[in-house]
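Order of writing sets the labels: A, B, C and D. Residues in every chain begin at 1.
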């Protein structure tokens, strides 16, 4: 890992560490309960990829908008979704963020700039651009982020949005969370070219180590800064590793075995640096974990105690 | 104009000259008759752009396939469509190549590898790729061409097909006839980046002067040769000038005034060189024109004398 | 200003401020843009000098008219994203056929967003698209695909037949918090009629009784209404003529009460027959007004094939006032 | 070899070579590929180890199974281009919903090619797509959009309910010179039944009478047939049960002759109600079998809204054997 020249201040580092731990612990919490079928909704976990959403969202304000996709928990938690309403949504409860209509892949929190995530690959990229256009049209200062996977670059709507954004100079940051897989398809089977070579034709582009939250922090500081200042689009490619199988709660031992996971763990990496810089010690970390775990337990209790929607409410908002 | 190092032999030059004159004279023939409303079908003329289809098709065999779009007369005539069946199609007669169901934008001649042209921008690019895939799957030696305008590069299906073709190594030549306009939209309003910078990420790419048939000849010799030999896709960008308005039979005097047309005329350019190389003289040219004009008149007579479809045949092939 | 509230009319207004359908659309767009800075226009050739067949010419707020590349899918998605972020986009398309490129966004996104997020977001988006016809437009440029959109829950679909409805429905659509697809017919663009100068809305989902009769109920939308009126008027046919205005939601009440009176139903829809809006209306009447029906109901639609290019086949393809009159007279006698 | 010619069966075969729906599809695919070197499979995850929910596992000609990027529109266009150039592609989709990305190619190209070129070209293309259901699939992963495709002239749409039909219809579709969309239901994949080992076809456009009765005609397709049979059998309902097999073209003959006998019609379609196949059937019966009808016809469909994620709402959303039995009993008494 290349140590960044300047470390973010300890507030930022602590924020990022806590968020990453939250995403990790939340996801890990789901692993044992998923097989018990209390959550009837397809889970795409973010374990191992936490650095990307967290190193991005540390630079965003509540009014910055973000669109994302089926692998939704990471960006949603990083952007600040209420843990209880997320958990309740997974339980199919009426207190869920989408009032139980959406499930795991369809999260929403309009007040935090999350206007709904899609489970169809690709389209969300255009939604993010539309939010950027709205910012431009209303002379707002915030920016918008289109957050998507490597597989989504296959889709025509990715290309169309790239071209549109460059032509119209909208404040949009493309963030490609490149975990090297689209379902069971390795990236070299689904994308021929390096997406960065293409994005560079259209806009300022950044290559980021998506397993290292400090590199993400640094890269996104530049990328977000560029979009905010220039009011033009930019592209950030974050290569990372998918620890889990595409869907569900199993580790992908074949493609991402234990030793690989340990080496590339973004949480470990940050902890090590923070400890060496005396920003935190082991008990501080334990404290964060305990706090996070308590929040998760509270969310679980909240979700379990929440009512299911009434079958009579089926047609509400239809 | 850069004189190419080696001139194609006189058979090739004569073929190209005659084809370009055919496309030109055919299109010009339509200009006065169109306002009389005998042809009830939207015309997109190829005047001024003849070098691109002709300099391409001189390298193709009958079994090579080609897909193209609404601006169909140029590639169809260059690939060898029967003039009478083309004319009859414009007249809405049952003897038309599409048996009067298609009109100007929908031409077909399966025996010559033209499996139907589309009036929806973009999709034809994928059809061409499918024909290339068919060639690969059946171990055939021919290649396929996706022929499209600059505007078509806006569409997502262009991008998807680029990626697919590179991944699957199919014998497909992308030919972008870049006339700088998509309807009334100048290219810099609809495409941000140079398409060649993008295509190079995916495949061997060629930049060609589309107003100069000898440059097209040379470039396409390389491009077609590459695809045939390597059995991989390639991309040819041919910049040319649209002399006419997007639709209909008027010259675009604003954007392509007389002096510009004269300077860039692919027929003039070729004639000049052929004459200086003693491949042809003025009377030889007159002879070609006369021959072509007679063919056009014959086609017109054929079309006029052909019957309209019977209204009872409406549902045939539905 | 960032919202307007318009009086909801229902009747066909009287007066003689005669303007064309396309001018009515232009006027509604202009007024909406001037009264609500969130309203903007986006789409391929939105900024073309031809102004979408004249319906977007001379708008006061030209800076909020955004021409786009040939990227219908992304453009619909971008319009939707802007709507989610608080704007009021009008996303335009010169041909309904081009919307097929955007079906993923329309069906999987625009239609579903509100429901899929439990009402926590909504998509105040207007999509306008034009049905082509004639001059050898052929199979890819003359489709009327409103039945496809109407099939999808979450999409409202309206089809104005008159200038005043073009204005009133467009303003209602812009004001509505949920997506509305407006299907206009190219043949109607130069049709003229009285249109009030002030802003007004027509309720979405409400039809209008254009003619009162006793012997037959004829239900139609868009251009088919014009042909139906001409058939009925020039043949003195004693029929109720219902202009649907909206096809989703569908005003079944007005249809049912007419059928209750006449006992006979003819639905005219200028579109493919199979699983179309005419099928839906007939099915519903047969389900819920069965005892009112005195004879088999009937439909007039396109034949079940694509539109051919040749003029002579086009003529054989399209129903007309004549077709309608013939069928109506048959059903009455 | 580059073509096969299969005997056309019609009846439900008897025997006890019991295999699953997915195995029947696999077998048909494998046999077609072995007998005709033009047949190939293409689509996202076609080469995934899961083999399209098992329906593409262990094919003999793996080199003609082509996995693709997430590019449904181009992939459908590429499959079509290959068909035009003489191949016989089977273009697969794990969810019907994903076909919305390819609607431009499906509606504007595949459906129109033969007619638009006066029969000079044809598109021997099979599109397979699966309807999802349950486990919080939610609004974007559980749609049944066959009504959209059926609306478009030039598309044949079939929906096998049984393993033998899955095999027979797939082989007929591959052999057919024109495009066929096969809509399969995920819930049927593990259903078992007798399937002959040899190659055979079922005629496109023909329904099949599964049960004979006198008091009611019930028409259904795909999973709805299974639920209808269970409703009828476990409640001793004296009804004709028609498995449509094809929804476009539609076998009106079998429906009409049944309604002529029973005078009562119930159509069950697990899809959105508005402008769906149930609407079309009801409209046609009301048009052409009106005098045979003894009471209002009825439809059972999804409610007019998107599919929700929560299990409890899903349960409220989907009709079932119970819903069908209740309605059928009501109509009979």
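In this text, contacts are C-beta pairs under 8 Å (C-beta built on N, C-alpha and C of every residue); 3 or more make two chains touch, one makes a residue touch a chain.
None of these values were measured; they are calculated from a predicted model.
**Student:** When every step has to jump to a touching chain, what is the lowest number of steps that links subunit A to subunit B?
**Tutor:** Between subunit A and subunit B, the shortest chain-hopping route counts 1.
**Student:** Express in whole angstrom the distance between the two chain centres, defined as the mean CA positions of subunit B and subunit D.
**Tutor:** 41
**Student:** Return the residues of subunit A touching two or more other chains; collapse runs of consecutive numbers into ranges.
**Tutor:** Residues 96, 98, 100-102, 106, 118, 120, 122, 154-157, 160, 163, 167, 189-191, 318 of subunit A touch two or more partner chains.
**Student:** Touching two or more other chains, which residues of subunit C qualify?
**Tutor:** Residues 69, 71, 73-74, 97, 100-101, 104, 108, 115-116, 138-140, 153-154, 304-306, 308 of subunit C each touch two or more of the other chains.
**Student:** Given which chains touch which, is the overall layout a line, a ring, a star, complete, or other?
**Tutor:** complete
**Student:** Could you list, by residue number, the parts of subunit A that touch subunit C in their complex?
**Tutor:** So the residues of subunit A touching subunit C come out as 65, 67, 96-102, 106, 108, 110, 115-116, 118, 120, 122-123, 125-135, 137-138, 144, 156-157, 160-161, 163-164, 167-168, 316-318.
**Student:** Quick one: in the complex, what on subunit D touches subunit B?
**Tutor:** 37-38, 40, 64, 66, 68-69, 71, 73-87, 89, 104-105, 108-109, 113-121, 153-154
**Student:** Could you pull out which subunit C residues touch subunit B in their complex?
**Tutor:** 45, 48-50, 67, 69-71, 73-74, 97-98, 100-101, 134-141, 303-306, 308-313, 315-317
**Student:** For subunit B, which residues are in contact with subunit A within the complex?
**Tutor:** Touch residues, subunit B against subunit A: 154-160, 163, 166-167, 189-194, 197-198, 201-202.
**Student:** In the complex formed with subunit C, which residues of subunit B make contact?
**Tutor:** The contact residues of subunit B facing subunit C are 40-42, 89, 92-93, 96, 98, 100-106, 118-122, 151-152, 154-156, 182-185, 189-191, 308-309, 311-315, 318.
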